[in-house]
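Down below are the structures I want you to see.
What follows is chain A paired twice: with chain B in the first complex and chain C in the second.
On to the complex of A and B.
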């Protein structure tokens, strides 16, 4: 068997549509994960204790089980509790919840890492609790957690490939199907590796550029 | 003749962490317009006392009056302490500024941003008005030129001067300092102490926890020596440092020989 690039060219439209789904789900799940993760972290940090414990349990379950199992359970087990979702919404929901669990831990650690003295200085000049959260805690926490957030986004790109098992028409599903139809396994797997690595690299670069731009806000 | 009310009146103030009492019924009056230096061995409760005055810690019992107004709690006839409503607490607290050993500037705001933050969010001033006032305070500490710098772009001494400007911006009656130069390199302590000296000269009421005995002896009008959670000595520098000296104070000063106290120990 020889490496035949023409197979790839012929199937370009299908590949591009798969890529679009991968990108769409990745960006949406990252955004939803950050938003939900932030809310969870805020409730765990500032909210009542019972709620915090319940959220903690949910986070531990999501972090303590393989994403593959979670997505299977959501897609195939969901209908038993009246949650029948199409592949794309199921994949998006599953990945967002998974992402939220990790982001919430990142944000929680971030809240704890803001020096107490910065909050006390704000209290001393009369900022209210809500103003302290908005003006001091959130911006400082964001600076602190930026590298871990980029790291998490990178992990999420790669996890989108798992969604192929519930037939989400993303890059892995589309391209590996193409590979089996055309007997071009090596070519398709190689292409997939290049695509994911390209996305990861781009994300990493964007993250580092952002960090550099924000570096003057670093802790003195 | 009635004496003016002291800037701060502390009565039978005790503070415990869990079961350990670290302040044992402190009685202390801080004179208006004077610089009072709080000295004492490590762990004697200086920071705790200062933080109680800033209401960053809540005393376990006793009262603090700021300008005659109860801070945080009010003692009622039956000796019960009741917590005052948040609004009143904030009102009294607004007369007090605090400067920390670790500066505690907010890293995501410029020097000017740090100074004007409360003017905008708390006082509701317009951006322009706040900036004008903020610049005036930065000028006061000699840092006009650094207004647009972030804390990470400033030296320790400059950061501490910004922190002083931030506290001054709210025009407090009283400024509290907790070892303001303790985390600075020796060559940077001077610029901060000079700013504080100027403020003292302008008649600001200041309470300064410090290990800079030289500063305490020359700028402090009152020295309070704290030992094991009690006020052991309270007087002018001349009274405290002149022989015969209290043995605990002598012992304390001897441990600070290398920190500017040597001149005080020379036999007269």
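On to the complex of A and C.
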């Protein structure tokens, strides 16, 4: 077994473009997942019961099946129901829906974890329902769910690698293709592992730093 | 979909279950060792264990699988793809299970440990009668959770050529040109297996709650 670093250097532009796709999809899917997850959690918490049950079913299905199967259904099954997507939009949509299911559960638990007394106190001083949501529930919940959200963001970095299977040109696809073209599997896959490792550690550390900084805003 | 094709899917689901159970079991054994090393007072044990956990939790399983699948032949070990897949899944779940176990051991109430010391238990009795049973009981929910995660993650071993549930669905979808049907059936089977695992988990938790101390 030999280790040849020059292969990596020669392909640096391709690697960087792959990395850009990985980061772009990750950030976009996390943001979309948080937004959609919040809407789903809010509808389940405040919405009518039938809608809540339907959303619960959707969340259970997304959380109970492998991400790879979901992506295959969307990418290969989509064209049969008139949804033909290129790899990148399909990957982004799939990852966002997957993320939304998990984020919605985090937010739902967050809504339930806000102490009842705080909501009652707000009602007593005459805050409207909308004010209670905006001034009490959302700020307190944000602080409570921050650690799980960071955790989920870390899981999503790792899930982006799965998108290489439907030929999204992200880091795993680009770098492992490099490995097979140059017959340099070991070098390229080690590089890939180190990139993800660094990304995950950095994200985890940044999350913990954020939690410490924001801890003074915790009321519950 | 004919009955014969459905039987094929069921058989593949069985294979997925076997591989997942094997990985969870091997991962638990390795996880116990890693957890022991991480809780050890000796830095030369603690340090490699931390590195192991950090690496296998920080790198996507797909990349781990590709690495193991390509690395073993490169260093002169030729193994069938299912063995490479099993090694990858086991090492990955071992890292998570080690952390779960460590969490269990660290949340054994101090008062119980002090009481055991006061009662004059030997170090082995202390471990065998107090720490281990309580820590294991605290870890059961996390173990069930991990089993479900590994069951879903095992779909990735289709990439290194193991013909499990996902790969079978892929093959049938390609040959019949009915991806919607076969991926939905595969998804339904994963869902059903997970449901059974989760139900079994809550039964186990209820059984363990009897005589609960912490």
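Everything below uses one rule, namely that the second predicted complex is superposed on the first by the 218 of 220 C-alpha atoms of A that agree within 3 Å, B and C clash if a C-alpha of one lies under 4 Å from a C-alpha of the other, contacts with A are read in each partner's own complex, and residues count from 1 in each chain.
In this text, contacts are C-beta pairs under 8 Å (C-beta built on N, C-alpha and C of every residue); 3 or more make two chains touch, one makes a residue touch a chain.
Being a predicted model, the structure only gives us computed values, none of them experimental.
After superposition onto chain A, the partners chain B and chain C occupy separate space and fit alongside each other. Number of chain A residues touched is higher for C, counting chain B against chain C. When the shared chain is aligned, chain C comes close enough to touch A:69, but chain B does not.
Once the two structures are overlaid on chain A, chain A sits at the apex of an angle of 100° toward chain B and chain C, using CA centres and rounding to a multiple of 10. When both complexes are overlaid on chain A, the residue A:184 reaches neither chain B nor chain C.
Once chain A of one complex is fitted onto chain A of the other, the partner contacts of A:136 are limited to chain B, with no touch recorded for chain C. Legend: residue contacts after superposition of the two complexes on their common chain; A:172 is shown touching chain C, with no touch to chain B.
In the superposition on chain A, A:121 makes contact with chain B only, not with chain C.
Using the contact criterion defined above for the overlaid structures, shared-chain residue A:216 touches chain B, although it does not reach chain C.
By the touch criterion defined above, A:149 reaches neither chain B nor chain C. Aligning both complexes on chain A leaves chain B and chain C separated at their closest CA atoms by 23 Å.
Of all the residues in chain C, the ones that touch chain A in their complex are 54-55, 57-64, 66-67, 70-71, 74-76, 148, 152-156, 158-159, 166, 169-170, 173, 179-180, 183-184, 186-187, 190-191, 194-195. Listed in rising order, the residues of chain A touching chain C in the complex are 1, 60-61, 64-70, 72-73, 76-77, 80-81, 157-162, 164-165, 172, 176, 179, 185-186, 189-190, 192-193, 196-197, 200-201.
Partner chain B is touched in their complex by these residues of chain A: 115, 117-118, 120-127, 131, 135-136, 139-140, 143, 216-220.
Residues of chain B that touch chain A in their complex: 54, 56, 90, 93-94, 96-98, 100, 102-108, 117-118, 121-122, 150-154, 159, 163, 166-167, 169-170.
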